[in-house]
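Just so it is clear, A, B, C and D label the chains in written order, and each chain counts residues from 1 on its own.
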Amino acid sequence: MTNIAIKINNCSIRSNKVNSNHSSINISENLPKWAFGFMATLTVVILFGIFIFLLISGLGTFREIGLGEFFLGTDWNPTAFNAPSWGILSLVAGTVMISLLAISIAIPFGLSIAIYLSEIASPKTREILKPLVEMIASIPSVVLGFLGLLFVAPLIAGIFHLTNGLNALTASILVAIAALPTIASICEDALSNVNQRFREASLALGATKWTTIKRIVIPAASSGLIAACMLGLGRVIGETMIVLMVAGNNRAFPHSFLDAVNPMTANVAIEIKEVVVGSLHWQSLFMIGFVLFMMTFVINFIADLLIYKKSL
Amino acid sequence: MKIKNITSESIYFSIFHAMTLIGIGLLILTLILLLLSGYSVIDQDFLTRNWQHRDITQGGIFPAILGSLYLGLGVIVISFPLGISTAIFLTEYSKNNLLNRIIQLAIRNLSGVPSVVYGLFGLVVFVNILSFGSSLLSGVLTLSLMTIPWIITASVESFQSVPQKFREASLALGATQWQTIRKVVLPSAITGCITGGIIGVARALGETAPLIMVGATFYLSKLPSSPLDKFMALPYHTFILATQHSSPYANSYAAGTAFVLIMLTFLLSLGAIILRFHFRSKKDW
Amino acid sequence: MHKTVISVRSLNIWYSDFHAIKNVNMDLPENQITALIGASGSGKSTFLRSLNRMLDIIPSAKIEGDVIFKGENILDQDSDVVSLRRKIGMVFQNSTPFPKSIFENIAYGLELQGIKKESRGFWKMFSNQKYDSLELEKSSHPLDKAVVKSLKEAALWKEVKDRLHQSAFRLSGGQQQRLCIARSLAVKPEVLLLDEPCSELDPISTRKIEELLTLLKEKYTIVIVTHNLYQAKRISDHVGFFHMGELMEFGSAKDIFEHPNQPITKEYVCGGFG
Amino acid sequence: MNKLNLIVLIFLISCVMAYIFFGNNANDINNPQNTQNESLAMKGSDTEVQLVSNLAEAFTVKNSNADISVTGGGSGVGIAALINGEIDLANSSRAMKQDEISQSANRGLDVQEFILAIDGLTVITHSENPINQLSIDQLGKIYKGEIKNWKEVGGNDTPIVLYGRQSTSGTYNFFRDSVVNSDYSSEMKTMEGNQAIVEAVKQDTNGIGYVGVGYAKNDKGEPRQDIKIILLHGVGEPPVSPLDELAVKDGRYPIARPIFQYIPRLPLKNSILERYLQFEASNEGQIIIENAGFYSLNDEYRNKNQQLFNKIK
């Protein structure tokens, strides 16, 4: 006890001395530190609060609904005429179908654009095109959804001889457009980060430009490229407005890309508005939100590890 | 062999070239389609008049433009200080230990979390618990939460790209840490933070899902005058016109509104790109 | 003997577990050039950085011992690091101009101390102020005076006086390094620490810096870390030889180069393992 | 330092904003029914949102101080907001459910019902569909998913594509409870609004959908030509069009319904809410209702509204 007291005493004496010596510096020095520390703590706490909040709000779901019923049930109908059903599998299937198709449309385009910008285009072309690609990224998804309703859905309906184009395919095409710039831009970064010396060394050995790209640049940038695709996938999964407007949103479990689907994001956005705060339906929507959160978080996390291998 | 290589190279290169052109073409196509569907309604009245519900041809989308501008301003005011401060603290003040790196990693990942999730949070916390209602304030706070991780990520990157030797040189001249940050680090990094932030705000302005959940408004008799007023916003207005308004001109008006929205986000992104370009050309290290 | 400015007593430094400086004692003489030589990793830069507490910014570094400057142990946690660094300036291996104009680079250290000129507000970010060198030389503002003086001291004034508004990065490597020296001089230090200032420069620029240092020692105490034995021979009055974290030998330049006591010193200065 | 000034400026602005936020809190939130202010927040049914916006707009012409906002989202949204005390008036295209009434009572609200208009819920198909009429029974089976092909009700041999509203909609609930009497088919595409259904059915040759009658008319109040309005009939009764005003008002049209507005408590005399409701019930209001494609109130509903007005002191 006494030891501690003495130590504390010592400390206070020392800090007093510091204060009296350079008090002005100490205040002007520590004030920003404290201010930034406070803001940072606040921000971090709020951001992590979202995660905890979703989890807590959603966990109540499982007091009344079994895990199996929730995750494996294929019918989502909480406001049913008879007994409500709470299976999110068809919602997840909708999300997965749209995501996979969209990402497989977006990746070839994104990668091509990235290779073109980083390896083939002249610096001048690049200076013009790169910002243009970034501007595609800022097209709001509601605009894409609207254009999808007006133009893409009828087009798809015409091509496949359907009477309407509100289905997973239409949604996937539009979502792919939304994710394209993300993928292209990050792929381009990954390719540009490959050391110029590798290219020069390869070219000096008599390789053609394409061989160099294929054998040297792409393998060297591979982790960044994969990460870009993962980030694109995260963006695709989270896309809400497009799927809300053009995916058809029916309850049936989808069997083909020409079926209408009801992805998780659209379902949450539609239903959360009506439910009574705290009810089972409310909690289950938060659980869906949490599942969505975890899906994107894990995907981004993997992408992040690929980009910043060294950071942890 | 050589010929084969060259041909395959030219084939691949033309594929890449073509795909790039298609990608860029999509952007231009989007604009053209919007203009084709909406050009008949876009005029000065459309931009400056109050919304007339019964006969939409008599009115304009000024309340929605104003609402979106307020939202953007609010997001800037809230998310810039918080985001940049957090980035400063994480990169300059706190120790570079495991916890710090985990926090940075988590924040980077939060920037990919879907906007509906933020909408859920905003709906409960701001609209219900804090009872701000479906107000401008709730919208601003929700969109800010979504933007903050983007700003932090961009800012942390920007701060980390300032060479360590600048900090050492400044400290060696007898600068305090705060002086070093304020006079050497911040001036070099702030443009990166701001451009990242503006792009974030541009994206936030186009977000509709959180506004659906927080509750943008269909009709307002008066423009919002306080943060607790109801508001209209361009993306939500586009959505409503596209799905719910019975006027035969609704689609044209939706296209016009979408065009204005896109121009707004493009202007912001373009501003950010120009700013970045300007400062990159000045950056010599 | 010259008066001692900094005296180091039983200095030990660890980076985590690595014992980087082992029980070093040294008295640095006033108005002299002291060169620290030794192989890479022998601890000379670490030692140099401990002299103005620049080791503080390396979190894993741990210091024991005393460094007495003006009767005060600067390693004491209570000592005022900021004013210490103003008195003991430092110039680094890579020239480190700030991304500012030449004028602003020099003025930086003084602005830290509150000597300022009126700000031109936000738009300064987008344009560069022009300076008239003749007016500056006549100016009575302490900031202008100090900038002109230190640029002249660093023998840089003639070369840059007409482009003070330009980015410091547009100077050549040697000019940048002299700019950094001038920047340190502007805060009126008593001791100048230089960490391999010429290692990235061509011989002509190196020569200019060496000439500059010999001029400066009239007014300042200079400690320089160098890999270049010829440089040490040319400019230094005293030499300390480091090996594996220990100070093997410290004495006048003449002694070290011509009659080293230790065989290992002899081997090093004769180019045995350079 | 200019950049510092910039930062300081940002901080100052945030402080001012924060002051505005928290400075205004007390006034608006705790007392949404403040009689001093002229603000009126309405939320709810997408079916009503057009109509109510029109009414509000006309009301504002005479009451230039009025500060009215109308938000859609669905009847459930409006009622939930009413219970949560966020709004002054909830638009609902269905009657409040018993549990909703008890919830609001638990929160200390004395919810009052106002009948706004009569809606003939309209079933529409593509304009080229040969079907002209359906029985309620057939319609129910179609939406249950038991009838999947148009030929089963006398049409072409093509599959039926169902369009309906999302579950937040009062129309969704009303149609389900009065026509389907079971769960909707899981194949039904749920649309975000009445207009979205009209747009979809207009393009889909196999489509069928249900919307408020106002959406089946163009802006001049005439029936739209680009979709077909299906005549409906109960068992052993003649088919009736929702465009037949008399049939809708006297209940011969099988899926006519009153559409409602709910208020959290009795308004004060001459408060903006009271004046607004009076305006809606007035002849002028009823004309706007008819112009918007809905039907004005019959005597029964008029009397009910009058009882509400009588209670206001």
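Following the convention adopted for this analysis, contacts are C-beta pairs under 8 Å (C-beta built on N, C-alpha and C of every residue); 3 or more make two chains touch, one makes a residue touch a chain.
Note that the structure is a prediction, hence the values are computed from the model and not measured.
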{"item": "Result of counting contacting C-beta pairs for B-D and A-D, higher pair", "value": "B-D"}
{"item": "Chain occupying the middle, per Cα centroid", "value": "B"}
{"item": "Most distant chain from chain D by Cα centroid", "value": "C"}
{"item": "Gap in Å, rounded to a whole number, between the CA centres of chain D and chain A", "value": "35"}
{"item": "Inter-chain centre distance, chain B versus chain D - centres from mean C-alpha coordinates, in Å", "value": "33"}
{"item": "Intercentroid distance (Cα basis), chain C paired with chain B, Å", "value": "46"}
{"item": "Intercentroid distance (Cα basis), chain D paired with chain C, Å", "value": "78"}
{"item": "Junction residues of chain D - those touching two or more other chains", "value": "1, 3, 73, 84, 191-192, 196, 199"}
{"item": "Overlap residues in chain C, where contacts from two or more other chains coincide", "value": "82"}
{"item": "Residues within chain B bordering two or more other chains", "value": "81, 128, 176, 182-183, 187, 212, 215, 239, 242-243"}
{"item": "Of chain B, residues touching chain D in the complex", "value": "52-55, 74, 77-78, 80-81, 127-128, 131-134, 137, 182-183, 186-187, 190, 212, 215-222, 226-230, 239-240, 242-248, 250"}
{"item": "Residue numbers on chain A that touch chain D, as the complex places them", "value": "75, 77-82, 149, 154, 157, 163-164, 166, 244-245, 248-253, 260, 262, 270-271, 273-277"}
{"item": "Chain B to chain A touching residues, read off their complex", "value": "5-6, 8-9, 12-13, 15-17, 19-20, 22-24, 26-27, 30, 33-34, 37, 81-83, 85-86, 88-90, 92-94, 98, 101-121, 123-125, 128, 145, 148-149, 152, 176-178, 181-182, 199, 202-203, 205-209, 212-213, 215, 235-236, 238-239, 242-243, 251, 254-255, 258, 261-262, 265-266, 268-270, 273"}
{"item": "Residues of chain B that touch chain C when the two form their complex", "value": "95-96, 163, 165-176, 179, 183-184, 187-188, 278, 282-285"}
{"item": "Residues of chain A that touch chain B when the two form their complex", "value": "25, 28-29, 32-33, 35-37, 39-40, 42-44, 46-48, 50, 53-54, 57, 108-109, 112-113, 115-117, 120-121, 129, 131-147, 149-151, 177, 180-181, 184, 208-211, 231, 234-235, 237-241, 244-245, 265, 268-269, 272-273, 277, 285-286, 289, 292-293, 296-297, 299-301, 304, 308, 311-312"}
